[in-house]
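First subunit A sits with subunit B, and in the next complex the same chain sits with subunit C.
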Partner chain A sequence: MQASRARLFKEYKEVQREKSADPDIQLICDDSNIFKWTALIKGPSETPYEGGVFQLAFAIPEQYPLLPPQVRFLTKIFHPNVHFKTGEICLDILKNAWSPAWTLQSVCRAIIALMAHPEADSPLNCDSGNLLRSGDIRGYRSMARMYTRLAAMPKKG
Partner chain B sequence: MESETAAASSSSSSSSSSSSSSSSAATEASCCPICLDPLTDHAYLDRCFHAFCYKCITKWVKFAAAKHPRPLSSIRCPLCKVENLSIIHGFSGGSFQRRYVNQDQRNRCLSGAYELRSHVYDREEEIANNIFDVQRYWKSRKYLWQNMWLQNWLRREIQTITQEEDADVIVHHIQGVVESFMARQQKESLKGTPEQKREEFRRLIFGAAGPFLLARTKRFVDELELFLASGLNIDAYDRVYMQRLSMSSSRDTREIDAESSDQSVQSRFLYFLNEDDGD
Partner chain C sequence: MESEEDMHDANDWESVGEDLYSDYGEEGSEVYVEEGDDFFCNSNFDDSKDVMVVREKPFTVLSEDDIRQRQEEDISKTVAILSISKAEAFILLRHFKWDENRVNDEWFANEVAVRRAIGLLENRVEIPKLMELSIDHLTCGICFETYPPNMMSAAACGHRFCGACWQGYIGTSISNGPGCLTLRCPDPSCSAAILQDMINFLATDEDKEKYARFYFRSYVEDGRKIKWCPAPGCDFAVEYYKGSANYDVSCSCSFSFCWNCTEEAHRPVDCSTVAKWILKNSAESENMNWILANSKPCPKCKRPIEKNQGCMHMTCTPPCKFEFCWLCLGVWSEHGERTGGFYACNRYESAKKEGVYDEAERRREMAKNCLERYTHYYERWASNQTSRQKAFADLQSMRNEKIAKLREIIKEEESQLSFVIDAWSQIVECRRVLKWTYAYGYYLPDHELARKHFFEYLQGEAESGLERLHQCAEKELQVFFDALPDSPPTKEFCAFKTKLAGLTAVTRTYFENLVQALENGLEDVSSASQVAGSSTSKSQSTKGKAGKNKAAKLAVPQISPDDYWACDRCTFNNHPSAKRCEMCSHHQ
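Then we have the complex of A and B:
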């Protein structure tokens, strides 16, 4: 418990110190609870998520960093490995392949990488996975693009 | 994970404001990747040599092992995923300590007698040097009688000192040196004084064991001489030691019953080796 708090505080200080290090990731700690974080990540370029800003919610267990943080998308996203309703993410490092050397920052980077490289063979969003698996790249892209426009971009006007 | 997704709560914040000057992170090299604090009690994994705090990495090993349905014998490095068998820590001058991933099983296996022996070697001075008459051993040429427990005794001592299961090579090497020395004495037993013989014996063993036992070699030679001089079997020898150490008699030595010790210890080691396949 104490260890997780100390480590999160370290990460907090690191985030404050290197705010400009990764312009694609903005990590924000909850004002009153160091076990709750949100992150804003930019959709990677040359993907249908480009131009969008996606909000992630982190719930950090007391045994962190022995256990991985629970992360989900708060912003709606059309992606084979993200549950369309709950925002749950299917990513090995958040489950079996977790290592205590990961940080919240590097988890965000891994999620950005997942957005750029969807894994259609272990889909949480079957519609999206089926489009990719059947080779309908155009269909997948346009759906993903539409939801990025609807949910992850500032509304104009 | 409720399904009340606050749909399209698009937070329109442009996080592109990059202003602050780049702060140096030069100190990161000496930080533990698990707690992110500066390293305390440096520990290294034995294959990839990545460094962690001893406390942090053992905690992770325990945690990973507890999650696993079968006992782990190796651990993946949190940084590079290389499989490692042990954690190396506690450097002090020329020596270091080693904690195996399957330490808890080993402890069960190496309990009792091994603990006693390692306690004996940790002490500076000989405890039993006035119990057994070493001088008389050399004078009355008792070495002409073979000690049939020697091999088992050597194996246990060397396993204790090196903290390695597989000590057979060293055991055979040292046993060979002892036996060839004794055989030579049988042929030319009249040459030389007992003191000279003793001196030569100690020198030979020291030379043979030195490369493997390092700083513990001298104590090992002392102990070997005492064991031979005692003429006792392992069980009886340990009892004498325990009396000396005034350790509680409850910590009995059933582990090394003189007749069956070889087989029982050996088979347990094999059992652990079979478990080695990990995931």
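Then we have the complex of A and C:
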């Protein structure tokens, strides 16, 4: 408990210092609970998620960083490795490939990388995966783009 | 060729039963030697050699010390041959399932590839060199605190972390189970193995102990030659020599089990029947219903897996790590475009259409509807089980106290009373066989009438023979315990001895035949005349013995075996008072 608190505090300080370093990621710690974080990440360019801002929720276990944080999308997203209803993410480093040397920041980076390179081989969103697997890139991009517009971009007017 | 195979069977047969079958007891010798002679005549082997082979068991019972010693020896050998450290040899041997030959082959074929696969670095990254660069403090990659270099440790790869973080990292891994034996460096880009010397240097005492336990158990659990005795609280393991057709082994704790499936010994029934039967038995319980409904067994290690989240790509927990498709349970590496994608597996869909999966479910459904039939077999299976446990307890108390008491009353040498122990051992063994014949009977197809009738005949005979023996060993022996010590009933005891020893021998022979017949898949039934011939002669011989014993039995008022009526349909011997067959409910 003490160790995880200390480590999260370090990460918090690091985040404050680096705020301008990575413009795509904004990590925010809950005011009253250091084990609850949210992040705003920018959809990577040249993807259907470009221009969108996606909110992530982190629930951090007491054994962190020995155990990985639980992360899910709060913003609706159409992506093969993200559950369409719950926002759950299928990413190896959040499961068995976790290493205590990873940080919340690097987890965000990994998620951005996942958005740019969907892994259609182990899909959580079957419709999205099906489009990619069948080679209907246009279909996948249109759907993903539509949901980015609907959910991740400020409404016009 | 055929005779050789026969001999194999005969060897296994005799070697495994141990005392019960290979013991050429006085009384049993008649029948046994006859068979033996026959057998030696058929095969052109030297007699003396055969006897030696017969005596050899196809397995060895190992204590913890034996295992430790073997593990040490294997590790030392590898250390000597490959000139690597002990901890490295352990990682290497474990990776190749403790198969020394494979370790050597793979190592000398491609040392670099082997080293990479298991994370053994050839050259240690030298830490003193960094210190010479006059770096006075470093940041730990886990807690981000800074420490002087001497307070940090690294595996051979040189990635340094502080003591507290190492301790936590190792502790988390150890508490997750034997997967800790393949622990790697915490750095995400590094795959250097964490060796035992490092664990011993950094972990808490409790974790070190746990790790040592996994380390030791790995020799049995990851190896292919040794298995733990499944009896509760038993610390022995059994090494089995492959190539023998029969898997029954008996541990030093007196528990007999099948080495192949680690269920209790179940000759003459095969492992798959036993597995089906045991699953069926527990299928009635809520637990199993839940497991069946919510989990699937890992196709490789058979551990039940509950899928609570994520995609269809499953990876079993270490050390198994088998990757498979949740839908069709096939190997993941074979999935791809051809199987129609990864999430709506075509194989599963087409198999479902062809009815493979439905079939299994329908069968399960049907089995539930046939509950009555099942209950019939289960009750008999279970009552023989209980009966066996009781007989085993009786055998123990006989050995430990009652024999001494009997000696006082009868005034005989202990060696003269061993026939009582023989009888009880035989009862315990027969109950076991009889119990499993009910599982066998349950899975015997209904439409194969000839086989079914023959089986039920054999089983009925075996059962009534065993009942006679059990009755004699229990009730008739009791009479002598109640006798007054000053007037020892020597004469009666002599008659009793002849009777009990005779019954033991007859029952033993009968059960041997039963086991053999079932293991041959009741082949005899195809040549009907032969069956009729042999079975009548057998029943005559049993009856002959029983007849001889009638005089002794008359001393105790009870129903003579002749009063029992044999059912027309299933041949079971029913109590005179029964109007319907106790087995198949057929009218008298």
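Assume the second predicted complex is superposed on the first by the 157 of 157 C-alpha atoms of A that agree within 3 Å, B and C clash if a C-alpha of one lies under 4 Å from a C-alpha of the other, contacts with A are read in each partner's own complex, and residues count from 1 in each chain.
Here is the rule we use: contacts are C-beta pairs under 8 Å (C-beta built on N, C-alpha and C of every residue); 3 or more make two chains touch, one makes a residue touch a chain.
Worth saying up front: this structure is predicted, and the values here are computed from it rather than measured.
Subunit B and subunit C, once both complexes are superposed via subunit A, clash. In the superposition on chain A, A:Asp30 makes contact with neither subunit B nor subunit C. In the superposition on chain A, contact of A:Asp121 is made with subunit C only, not with subunit B. Counting residues of subunit A touched by each partner, subunit B versus subunit C, the larger count belongs to B. In the overlay built on the shared chain, the residue A:Glu62 is in contact with neither subunit B nor subunit C. Once the two complexes are laid over each other on the shared chain, residue contacts for A:Pro154 go to subunit B alone; subunit C is not touched.
When the two complexes are overlaid on their common chain A, residue A:Ala6 makes contact with subunit B and with subunit C alike.
Of the two partner chains, subunit B is the only one that A:Val53 touches; subunit C does not reach it.
Of the two partner chains, subunit C is the only one that A:Ile93 touches; subunit B does not reach it. Of the two partner chains placed by superposition, only subunit B is touched by A:Glu18; subunit C is not. Contacts of A:Gly129 after superposition on the shared chain: subunit C is touched, whereas subunit B is not. Residue overlap on subunit A between its contacts with subunit B in one complex and with subunit C in the other: 3, 6-7, 10-11, 14, 63, 65-66, 88, 99-101.
Remark: subunit C residues 141-145, 164-165, 168-169, 171-172, 186-188, 309-313, 315, 336-337, 341-344 touch subunit A in the complex.
Every residue of subunit A that touches subunit C in the complex is listed here, in rising order: 3, 6-7, 10-11, 14, 63, 65-67, 81, 88, 90, 93, 95-97, 99-102, 120-124, 126, 129-130, 133-134. Here subunit B touches subunit A in the complex through residues 1-3, 5-16, 18-20, 22-23, 25, 33-37, 56, 59-60, 63, 76, 78-79, 81, going by the rule given at the top. Contact residues of subunit A toward subunit B in the complex are 3, 6-7, 10-11, 14, 17-21, 23, 26, 40, 42, 53, 55, 63, 65-66, 70, 72, 74-76, 85-88, 99-101, 103, 150-155.
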